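Structure first, commentary second.
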Amino acid sequence: MLVKRLDKRLCEPLAVEDFVVQSMPDASPTRWHLAHTTWFFETFVLARREENYRPANADFQFLFNSYYNSLGEPFPRARRGLLTRPTVAEVFEYRHAVDQRMARLLNSLRDDDSQETARVVELGINHEQQHQELMLTDLKHAYSCNPLWPTYRQLSPGVDTTPARTSGWSSFGGGVVEIGHAGRTFAFDNERPRHKTFLQPFEIQNRLVTAGEFLNFVNDGGYRHPGLWLSLGWSIVRDQQWTAPLYWVERDGNWHEFTLGGLRALNADEPVCHVSYFEADAFARWSGARLPTEAEWEHASTGLDVQGSFAESGRYHPASVNGDGAGLAQMYGEVWQWTASPYTPYPGYVLPSGALGEYNAKFMCNQYVLRGGSCATPAGHVRATYRNFFPPEARWQFTGIRLARDPQT
Amino acid sequence: MLVKRLDKRLCEPLAVEDFVVQSMPDASPTRWHLAHTTWFFETFVLARREENYRPANADFQFLFNSYYNSLGEPFPRARRGLLTRPTVAEVFEYRHAVDQRMARLLNSLRDDDSQETARVVELGINHEQQHQELMLTDLKHAYSCNPLWPTYRQLSPGVDTTPARTSGWSSFGGGVVEIGHAGRTFAFDNERPRHKTFLQPFEIQNRLVTAGEFLNFVNDGGYRHPGLWLSLGWSIVRDQQWTAPLYWVERDGNWHEFTLGGLRALNADEPVCHVSYFEADAFARWSGARLPTEAEWEHASTGLDVQGSFAESGRYHPASVNGDGAGLAQMYGEVWQWTASPYTPYPGYVLPSGALGEYNAKFMCNQYVLRGGSCATPAGHVRATYRNFFPPEARWQFTGIRLARDPQT
Amino acid sequence: MLVKRLDKRLCEPLAVEDFVVQSMPDASPTRWHLAHTTWFFETFVLARREENYRPANADFQFLFNSYYNSLGEPFPRARRGLLTRPTVAEVFEYRHAVDQRMARLLNSLRDDDSQETARVVELGINHEQQHQELMLTDLKHAYSCNPLWPTYRQLSPGVDTTPARTSGWSSFGGGVVEIGHAGRTFAFDNERPRHKTFLQPFEIQNRLVTAGEFLNFVNDGGYRHPGLWLSLGWSIVRDQQWTAPLYWVERDGNWHEFTLGGLRALNADEPVCHVSYFEADAFARWSGARLPTEAEWEHASTGLDVQGSFAESGRYHPASVNGDGAGLAQMYGEVWQWTASPYTPYPGYVLPSGALGEYNAKFMCNQYVLRGGSCATPAGHVRATYRNFFPPEARWQFTGIRLARDPQT
Amino acid sequence: MLVKRLDKRLCEPLAVEDFVVQSMPDASPTRWHLAHTTWFFETFVLARREENYRPANADFQFLFNSYYNSLGEPFPRARRGLLTRPTVAEVFEYRHAVDQRMARLLNSLRDDDSQETARVVELGINHEQQHQELMLTDLKHAYSCNPLWPTYRQLSPGVDTTPARTSGWSSFGGGVVEIGHAGRTFAFDNERPRHKTFLQPFEIQNRLVTAGEFLNFVNDGGYRHPGLWLSLGWSIVRDQQWTAPLYWVERDGNWHEFTLGGLRALNADEPVCHVSYFEADAFARWSGARLPTEAEWEHASTGLDVQGSFAESGRYHPASVNGDGAGLAQMYGEVWQWTASPYTPYPGYVLPSGALGEYNAKFMCNQYVLRGGSCATPAGHVRATYRNFFPPEARWQFTGIRLARDPQT
């Protein structure tokens, strides 16, 4: 399967040591991601299809459960990096064993009984894609804790020399619109149901905010003026002594940026990256603009192709865009775009039954919706209705900014 | 002024010691509330009207600033209870001095120059009303930390013996509706502008959830089933070992409730009180219902009189309702009703200029909107568009539950 | 009783508010000290003498137990400042009631049965003296948290203008010596038994280290050189950002000191005060000296009169000493002197039976012995064998430094 | 060198993953130990002998400095497990490179200039032995965090079936005795100088306390009676919910013990292991005895051979002892024996000059002395005067109990 091929490619540059480390509770070791996505197939497909299913390893059912409380108490998230066993090799064996059983199962599926199974397999593939992205972002965070600044691999094509195009705005008239996913193609439960909502007229910026624009905010004292920040954000700025986006490093008066290709000079034309919701919101306020709501973003993206830099590009860093600035660019790929919308259930949302009901809905609190995918997202994984979500303080994902504003009268 | 009369009444039963204590960072000493509301008038009215204004006490400008960073670094919130000086008597002198200067100012106001001042005075009065409610809830929390269970005053009329009426539902058809405040009467900036929004058809319960109904949830293991809870809520249930609403006390197998009138047997007919958003949400899920959005709540309340138990009633505890159950009851007073809506700016929201811009907007993150007022809210303070807000884990306010649901087909 | 007279004098300048506040877990509200010392007499004297003793207030047995686990779970230490009730007036009533019963009891004591009671009464008086000292130090800490710098009372005689005398050293030859208390006069259990120990020859400084000398250490970068510090001390210096003794305040390049008489310019001739063991130890290392052991201190103090500034002096701040510098000065009063000796039981130590066994011995871990008493210690409370003890990071007591060294060859 | 041979043997059973993990701030990854001991030779020998020394890797000077502040700010201890690079293979290359340069240096040493170098080399070897012990104890702790209970290697000879001999006591008369190291053979600075001290008569138990004896304490409610514990110890018992020694696991009513050979049934005859000072002290109090002082221990050990189970035995677990019970057994090897002595400098202690002065002295605070070595200590590393030290709450070392008492009259 394609999803397995990407797993393999992502793991190629890694030493055994890289699979083991957990650099913070929010991140997980690569090995854990590999085992957990396999556990997902084993638990939700194999074990449900076969009576008296004998798990590949009974302990793994506990070790590699992420947060499905209805399947039993999971191994504590913050302690995933304490496990030296199973070894990386044993995890790959586990993956191989489950993959083979999955292959046998998929070959044997008949019409009638297969629909539900196919649905969960599709969910499992999308789940694995999500963890592929996390493997990259979690590894980047782990590397960033090492003063040797390890290099994951040479970025392709390396430094982007495209000058960012002039910023412009696209206007939308608002009214009753529809957002959300409908139809039989795959989407997560949180994208459904498609439903009506009302939009005031709005404008949305034609490209992502660049590192150079954000540097102006930094140089203007953006991190020192409490009036630009949400109250919770200002507390974090002070407690954590934030002075720039995560992975920006100042040396001898020049800004650098840690990437999966190592430390390099900040490129002002590329989209700003690794900012929290708080920083995105403060930057927007400083700019005299605001962040788009998720409904605005989705409405604006109607009819656009899903194109941009994704994980397969080997770029692992957002690319700049040039051209004349007409029309919306960079709506997909590059960086996840923070929206102003707290992550809540859509009207008429139906909780999936069973343990899979824990997949999305229980996280609908104190998180914000992000849209569009990033350079670490597997191609084909996102769509216009896709809702990613992170707490407003999260910075280790490839997260950036697109501005919106009320119509200028 | 009426607002002063209520301050006086609220302080009557207090010993000097009661004015001083801060029982948690979220709560403030009574004395601090009294000084801060005075500081508000001094800072935003007196100091702006008079050139070369000489403050009553220069240190107070620092000590009693709550969170207006643009006026300088405030004294740390969590340390308000460490101050032994100014004494309570000195704070009352300070109030008296500022009140007199305010009276002189108000008498001298002329037509042209007075509009802006009148607007801020009105804000100051509403601000003081908010702190009157906090004085009651903060004091209740402080008393609850004392194993002697101090009594604030005899509740009036004491135990409510009205049996709660049968629950029923009111239906609404949805469509494009308007919510938010318009016109020249007072409202906070966060209630504006009045704007269109789209509602799906919904039903809302005719009365508040009772303590007896919530007790069924407790007895059914509600606090022990992770599947009923938001993920963050479940973490808190476990970390803080929640097993019932705040102030519920089990003794020899019987539930009691700590009130401002002391500890007494739980009254199953009264509205449940002192629950967090997490508990409200879990209860709703357990009930096969959900919480209303703030737009649903506001739309449903159109045309209803603002009546119920408020602070002036001397009840200091929510009252039960009886009757035939037709029509919406208990929409105002009794307990604040958690909505499913995160606290966000309305479309077209305009930030007030200057330091007063810090009043509301900077808290629009990780909080939920509550509607309707409580038995600790001064009468006349709330209205249909009024938006209160607290973090989802907050329990020390008089917060309760009203259910909503999608139409039953 | 004298002890009551001092209580009264210490409380004279206080407002009700001052009795209530707890500024950190290590400190207690004045009101708590007053109630706890009364509780001590009630619990260990009255309740043991009278069959079917009815306590003045059953709740107080729980509220005012400090740490006697064998009498039941005490009210949590860190929450003593959350209690608004009993009020200060009620605590004084409680004291009065117990004092009267104590007076009746003492009058009725007969020869045979009185010895054990007299012993515990004597312990209770000494216990109350310890809390009198804590009332002063805890209040000083609470006041120091208030940017208004409240004044407890005018210090007597105000600023000490005596220039400190030249430092000199007294030599002792060592050998087998005896330390510890013997005989029938009162001493705490931790001072017993008198026992032999072996001392190498040593020298001890003739006076306390002055603020001026300590300022030289500060100015020489003493707080910035890790090599001068114990490892734990260096961690605290960095975490807490220590740059000078507690209560030293730098303003416009000049050092001031917060005292119970308010903020005033640092007096270089007075003994340095409010330093931790870590600071005392680092200063000694910087000086090319060391701290004395408690055995050295006690041996050196043999035959000296117990004289110096104590609580009754009204000075509440250590005084300087002048003269020719011959002989040991300032061995008592002024400031407690950190010794190099961890607080351990003496050889042959016998644990008192019952709850009073918890008085001292259970604290013999991770604390250091201090000797000599301070300007906040009631006169007559200390003696040559007296062992005070605090954790090495404690600074809110009146603690200072006397140096020792090995013989200079 | 022998020390290298043991390193090799200790690493044999390890997977790459085992070298990487840090299970708590007090423990370090195996890879870190290996790199740090090499860094020690490079820093304190090679770099000092060669002018313009070019380090094997300049970054390593920072990464593998443990706590020598005078050599620059060390990499934070608690983050050692976040490093994925250098890889284990690179660390072994580093070791190889430094070993070769050390071999060249040692071969070229001449008489006159070699004494100081030989002294530091000897220190480096002893330093490496200390880390060999830590490699075992840190690895055991990491394994214990894994619910799979990994096995390091089969213990030799497996379960000890020797019944523990009857307990007896040896008596000593006390008086002025000498302890501490003298002469030219190697000892750490903290063992010097040899000096006189005074001992009261005492008795010391002839063997270590067994797991069976400690189980009696557990079964008698030892962990539930505050009166048996030091105050700090009792806080930890409650906060950390201690109910037995570290690594004891109760399953279906039977006690097991996690060892480097996996989980196995508790053997009542073997010495109890992995207890803190607090548990040792509480057990002693429960037994009506006490812990020996380090002077008592050292005096009692005079003339005994250094024999017992050490790391080379492959046992990795303490062995029981049998026989008639006359005379002191198990004074060396098996488990480190907590003494009642806080870790302080000996009278006349001289701090080594330069960075090596940070080796021992700065830790002389809030730690207790342990004596005798353990089954994880390299043979030949300990001696009668050897002073190990750990904080009183430490349990992950092989630490046990020997009792002492005052003469029974």
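The first chain written gets the first letter, and so on, giving A, B, C and D; residue counts start at 1 in each chain.
The rule is simple: a residue touches a chain if its C-beta (ideal position, glycine included) is under 8 Å from a C-beta of that chain, and two chains touch if they have at least 3 such contacts.
Everything numeric in this text was worked out from a predicted model, so none of it was measured.
J.: Which chains lie in contact with each of chain C and chain D?
T.: none
J.: Write down the chain pair in B-C, A-D or A-B that repeats the interface of C-D; the criterion is over half of the contact pairs matching by residue number.
T.: Matching more than half of the contact pairs of C-D: A-B.
J.: Roughly how many whole angstrom separate the Cα centroids of chain A and chain B?
T.: 37
J.: As a quick test, compute the distance in whole Å between the mean CA positions of chain B and chain C.
T.: Spacing between the chain centres: roughly 46 Å.
J.: Centroid of chain B to centroid of chain D, CA atoms only: how many Å?
T.: Chain centroid spacing, chain B to chain D, equals 58 Å.
J.: Can you check the complex and tell me which residues of chain D touch chain A?
T.: Per the touch definition, chain D meets chain A at residues 15-21, 23, 59, 62-63, 75, 79, 81-88, 142-143, 145-148, 150.
J.: Spell out the part of chain A that touches chain B in their complex, as residue ranges.
T.: The contact residues of chain A facing chain B are 67, 69-70, 176, 195-198, 200, 226-227, 229-234, 277-278, 340-342, 344, 347-348, 357-358, 362-366, 392, 406.
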